[in-house]
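By letter and in written order, the chains are A, B, C and D; residue numbering begins at 1 in each of them.
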Amino acid sequence: MSVLDGKELRIVGFLCNWCSYGGADTAGVARATQPTDLRIIRVPCSGRVDPLFIIKALFNGADGVLVSGCHPRDCHYSSGNFYARRRLEVLKQFLPVLGIDDRRFAYTWVSASEGQRWQHVVTQFTKQIHDLGPAPRLEDAEPLLKVADMALTALRPLGTGQHAALDALKAAIRAKLPELECIIGWQQGRDAAHTVPLFMRTPEDVDKLVWGPFNVCNPAVYLPSFKGKKVGVVVKGCDSRSVVELLQENLIAREDVTVFSLPCEGTLDMARVDQELGRYTTIDNVAYDAAHVIITADGVAHSFCMADCAQGKCYGCATPSAVLADERLGTPVEVTPSDVTPPELALLDAMTLKERLSFWHGQMQRCLRCYACRNACPMCVCRDYCISDSRDPHWMTQEASAKEKLFFQTIHALHLAGRCTGCGECQRACPVGIPILALRQQIARAVAQLFDGYKPGLHPEDVPPLLGYEVVEQNIHERDWK
Amino acid sequence: MRIGVFICHCGSNIAGTVDCAKVAHIARAYPDVVYATDPMYTCAEPGQAAIEAAIHEYKLDGVVVASCSPRMHEPTFRRTVERAGLNRYMFEMANIREHVSWIGKDMEANTNKAAELVRLAVEKLRNNVPLTAKQFDVNKRVLVIGGGVAGIQAALDCADGGVPVVLVEREATIGGKMAKLDKTFPTVDCSACILGPKMVDVAQHPNITLYACAEVEDVSGYVGNFTVKIRKRATYVDWSKCTGCGACTEKCPSKKSPDAFNEFTGTTTAISIAFPQAIPKKAVINPQHCRQLTKGKCGVCAKVCPTGAINYDMQDEIVTEEVGSIVAATGYDLMDWSVYGEYGGGNYPDVITALQYERLMSASGPTGGHIVRPSDGREPKNIVFVQCVGSRDKSVGRPYCSGFCCMYTAKQAILTKDHIPDSQSFVFYMDIRAPGKMYDEFTRRAIEEYGTEYIRGRVSQIYPNGNGRLTVMGVDTLLGRQVEIQADLVVLAVGIEASKGSPQLAEKLRISYDSYGFFMESHVKLKPVETNTAGVFLAGVCQGAKDIPASVAQGSAAAAKVLALFAKHKLESDPQIAQVDMRRCVACGKCIRCCPFGAIKETEFRGEAKAQVVETVCQGCGLCTSTCPQGAIQLSHATDNQILAEVNALCQC
Amino acid sequence: MSTIRFVTPDGLSAFLDFLAQNGRRVLVPVEKPAVKRSVVFEPWSAGRPFTLEKATVPAKAAVLPQCETLLSYKKTKNADDPAAVTLTLDDAPEAVPTVVFACRPCDARGYAVLDRPFLQGPYVDPYYRARRELLTVITLSCARGCDTCFCHWTGGGPSSPEGSDILMTEIDDGYVLQSITPKGEELLAAAGLADGTERFPAAENARKKAWASLAPAPNLKMAPASIAACFTDMDFWQHWTERCLSCGACTFFCPTCYCFTITDEGEGMSPSGGRRLRSWDTCMSPLFTREASGHNPRMVKAQRMRNRVSHKYATFPENWGAFSCSGCGRCIGNCPVGLDIREIVLAAVQRGAESMHEKQEQ
Amino acid sequence: MNFAYYPGCSAKGSSSDYESSTQAVCRALDITLEEIPGWNCCGSTPAHAVDTELSAALCVRNLDIAARQGADLLLTPCPSCLSNLRAAARRMEKPAFRQRVNELLDAPAAETFPEVTSVMQGIARQIDRETLAARVQTSLKGLRLAAYYGCLMSRPSELMRFEDPENPLLMEGLLSACGAEMVDFPLKTACCGASFGIPERAMTARNSGRILELARRLGVDAVVTACPLCQMNLDLRQKQAGRACETSFHLPVLYFTQMLGLALGLKRNELGLNKLAVSANGLLEKMDNLRRADAVEGGRS
């Protein structure tokens, strides 16, 4: 279906049946003249409006999307619009990182008696969309590739962790071994410059445990698969936040999980390490000093300074020590949190909306939809039933377009809203290095701003913000329609 | 599928600005549409008959009607298609009147828009599936919360209809605000005389169980099957033994207990019976003022009680009642008028509320019906009534009209003259609102026969002028001049708000309430008694300001709703509810956390935890559907795929 | 004797210009800048930068796109009888003449693996065939091995010509191109490049050096039998797959994996019509084998990994006489948790040898 | 502590006693008032009734001087001046208005202005109740006083931000700290009618009379005010007011600074008490007697 050329733009409205749809009826009964662009989809409640419907519309040709529900407190279902308000506000703050002008999306409250207000809202919103003009399309944007600036300063000194109390940790694990199904940690991988997850069941397994800057994987990803079994996990500070978030969401039970921790001094960005090492046949040696890792490959020594080659997340890390641990070894390190913009997000912040659209078009082209990002995510709990490959609901096609691929990233990011601890496993797992973490970081930033600095995975008793609401939101304000 | 599309002209309402024939023509090209036409009036009997005929003739299995708002005629057409043998949910509506033809005159744009809305409806319909309602038993007992006149009326009507009633009253006696009134407008008949018999009926009715000094603690369940926990507050008197003889109240040495029934115009004893006609007529000890309970020394009442009913160790008790329906009739309280500093903020003893004035006039009140000044007990001569103190006043956050103050002020002015013939009453008013039967005539009497001086204007300040009187400064907007009156007594018509605790009760009942705490009816005009929670009805001022006749009427209306509900042996649940795809569900519990109705519970399915929807509790909001990340819980008739079909119909670039 | 040509690094652009003539699509490795750099094959156009590095993503999509339209259809209605619908259908394969430039021998051997099920079995896949027939493969031999590569375990090597039409070898001052097939020969002959016969010994020398850089390969002759013998030993598979995340990084980046799924999208009457799509799928996903009933024969990841390893090293060789693995090592390098198929295969071989030994003793 | 200070015109004329007592009290409380250089009339009352922009320009010029001096806070004793200065500063937040006013000035005004507040609030901000009580030399104990703020000090409330606009208690706080008994004076913010002293003489007399009448009924020894216009009206026109109420008053009407000055033991001529039309001699005498009695009492015990 086409819009009327030069006359109308494509504007989609989601209206709750009880208030706003009635308000639109009231406007009609009052013969309140309105622009003709808007097409209304009737939903039972604004709480029914999954933000993904809005993304779906905006990705596929909508120039504007309007959601309208009952005024706060007037919800036909008591609290549906309270949840909607949080989710839609997060969405609104998320859109710009995709390169979509957030003025193309609005949500508001119109009661069944407010015909005049409805007329005003429709008129204003339509005018706003016409002022913005037809929405630029991802597929039309000239691909743009830019690289994040990794010259960063960490909140704390980064090191190689060679003085960590590894032996004490091993002793603690051995002591607990009989009670636990297994304990997840790290072991050397294909060579001394790579580690892989380790599942310790025997004392011999414990001997294999390693600690240091190569321990990049987040072992929390395995915990939900052990649900109902007693299991241990060795964590870095960042990993512990995933454990806590899983606890917050009742995805694992506190009594089933024993957390072992050592303070982390930072981990290496293996992409940059591998890049520097190039094609090599053998690792001859890996040596450490307090601040450097020296890898000798095929007789050539490569030195990696932790301050220069750590993972992006390590620079802004304020939780080098686990936020929750049953067996805490070593001396916990206190770091004063600071609002550091992560490098991937800083890259996008510096771009115009148009550039961002181009950026994502350029980046997503090489995505193969292998879903390593999804499966490496400790908070992705749908696992076998991800909506990205289901037919009912049928959110996505198998088409290999940048749009579909970005839509998946948007699903992932929105599903992580208020839940993502920023562990960065999605991006680390991506074989083609797409900086998808930026999308999660933008959501996390929006959530922190909206919900008083809320950060997921710090307190097991916290309710994730999108699973709750306040009758009066301190930081969400109705935008005026003047 | 075989879909039939009907583009209604609605006379010229739609056809005036939409080319209906063209829309029908375009619709014929839509997928699965095998028939499209444009009748003149689809909702009229011939129009409905034509739909039925078309269903038979073209073997339609789905129907789209493009006409007015579905909020108007969706139920009508659902019945139509059902008559022709289709499932009622194999029907969709496109709103091309309120949302198209009535809001613009551009024929081209309107026709295009109408065609698109029809496309939307067709795409939705193609994803529809037949839904069937489930039946369940109904527990034919009703809970009435609040024993004011509205609750009494609802309880009596239900009980007379043969339904067992549980009546819960927060205070020690039923009767509510009406029991405190001296006389009632516009007939000036004695409030106690007309309410008293009804209260007695409540006490004596075999179908009514009354819990006074009790509050609803918790409500669970759903229409037809609610479980209600009621907290019976400790009264320290065993009511099964108390005969209401009053011996205890005579002998109680603690006589400075605040008298809530008399609106704190006087004091009472620590053990008291609210008023002589109280129902139940039982004594209650105020634990804050009882010497035995506060100091452990006294025990006079226990000594004098002839039946040994006094029990100082009594504790609160929780009783559980099972009911099928609930009527909320919790009434109102006065707003906190101390925000009006210019009226003394409650610091001048001779500035009182109208409800206090009722108690001063009442023969059962603290002065035995003599109007005297609280400060010095002298009879007032100049009495000023100030209207709209906390009504229609945005500056104190009360923009609404309290509805009945104009009338009772007229009544009080008349009664004042009856009590004190040489008195002069002044009424400062904004507008006189007297729309009821005999109401305007009544205010005219106050003005014309009783010489009450009505001054149209607000009072800017009231202050004690140093010689024992109050200076009332105001404006007469009709004469455009300032007015200053030396008053002996000032009576404020204090605005009302929902009774204390209304929002908390609303949350227990899972009904909505407005920002003033008044409960939200289902539809302002057409469903003023229903709430959005099936089986919960409203009566009286808890829903919004109204006077006694309106409260009584709504009490009866609520009872009629209950009786109609209970007339069915089985209830049908709306099939537009959420359903869990057990395979997709990973039991993360997010839906359980969000559900506003507690309609989702965790269950076990083949050894695995899963979410399960309690079909009778689910109200169909779909919040769970947009919460579930894997789309495992889908709201029937508004599934992701159905909404996506609509989105895709609009956005496919 | 094959045709031998020589091209200097500066001459590569002109050579690509030539390859791009006559509407040929030339897929060249292109570097994608990022903190984690990657190299992917993309259609070349004049002036576009390219690289000769080993690509992160193999050029499998040249014959088996990530997603292809098998057929598209449109429905039109009869104006007089809205119930009557006319269906038009287009199932012509999407194929354009394509040259893959500078893939590696492991990629090229991938084509040879894919050819077997798609072209040599009882049912020829017309879509694959259309693309394969129009494909010319110019392979750059590897100068050295690396830690994740193991082409020589699987019967290949840094200069294996299998699957290639032209083999290109880097020497000091440029590249020696050697035709392998008549198709390659024809193309090379027309390319207008300098003769490279004189430099061929230098190329051979470079290839030998590359071979010499490789660590000795284990003998995998017994792999099919050993892996088959392990098939029912779920403890074995569970042990080796414990850390697997069930993503598709191993299979989607594999030059020899060819699992796919077919889905229908769109709508005959919509402007873009209806499409039947074939897209990559991965046997690592539980969805791959989930049946309509909900039953899933490969419910757990150990079963799925068993399938992957068995397919590559046991059942495929049984059916086609060769491993379905060219040893490119991408599944190792790209795995988010460093799963190493070599370890599993070697462990199976050892397990097989032990159990055979035990049997013999019995 | 130093404050920028805007005295206003009346300080140099009709209310020079307010000015001198203000200066004296502040000195005694170690508050330095730095008069802004080259200030001009704020334009009250006539200017803003004629042209808001011109009248704002008058105020903005003063605000600009204070801003350029780097003041954080500007004090003024006069509620009229305060109201005008605050209103002008508020209006200047609107860019279009600012632009028009800037055109009227020699040079564009500073982007931000210091907050303007009353001397009374300035003192209260600086000196807490205990400190003030400790500084008292001659207690006001035994005196019954009515605090009269006038209509301007607290209105409009959202502009003036002076406590509860209907029932401010700041002055009561200061004077009760000095020992005085402050009556609940319901007309404390009622208009005395000063502005209409010439065109509507009868109304002014009625308004002032009502205030004075209530004060007399409440048995006060003096009415204490904070506004030059109110003081002049209630003091100078007390006879007219008496005539309107068919009575005669003799009620001293003092500035709160004068009352504070008495409590702080400042010299009476420094406080300008001699300028009052209704003599405060009776009040002073009563004070002296009370304090003498205290001394005797103290001597006995």
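Convention: a contact is a pair of C-beta atoms (placed from the backbone, for glycine too) under 8 Å apart; a residue touches a chain by one contact, two chains touch by 3 or more.
Source: prediction; values computed, not measured.
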Contact-richer chain pair [A-C vs A-B]: A-B
Between the Cα centroids of chain A and chain C the separation in whole angstrom comes to 32
Please compute the C-alpha centroid of chain A, do the same for chain D, then give the distance between them in whole Å. 60
Intercentroid distance (Cα basis), chain B paired with chain A, Å: 44
Averaging over Cα atoms per chain, report the distance between chain B and chain D in Å. 52
Expected list for chain A, residues touching two or more other chains, is 383
Multi-chain contact residues (two or more partners), chain C: none
Contacts with two or more other chains, residues of chain B listed in rising order: 583, 652
Chain-to-chain touches, reported pairwise for every pair that qualifies: A-B, A-C, B-C, B-D
Parts of chain B lying in touch with chain C, wherever the complex brings them together: 2, 28-31, 33-36, 58, 583, 652
Which part of chain B faces chain D closely enough to touch in the complex? 341-342, 344-345, 461, 463-467
Per the touch rule, the chain A residues reaching chain C in their complex are 145-148, 150, 189-191, 194-197, 199, 217, 221-222, 269, 271-272, 274-275, 279-283, 312, 343, 363, 366, 368-372, 374-376, 383-384, 389, 391, 397-400, 425, 428-435
Chain D contacts chain B in the complex at 164, 166-167, 186-187, 190, 214, 217-218
Which bits of chain A are touching chain B when the two form their complex? 1, 4, 7-8, 10, 12, 17-18, 21-22, 24-25, 27-29, 31-36, 39-45, 47-51, 53, 56-57, 60-62, 73-80, 83, 87, 112-113, 119, 137, 249-251, 381-383, 385-387, 390, 392-395, 415, 463, 467-468
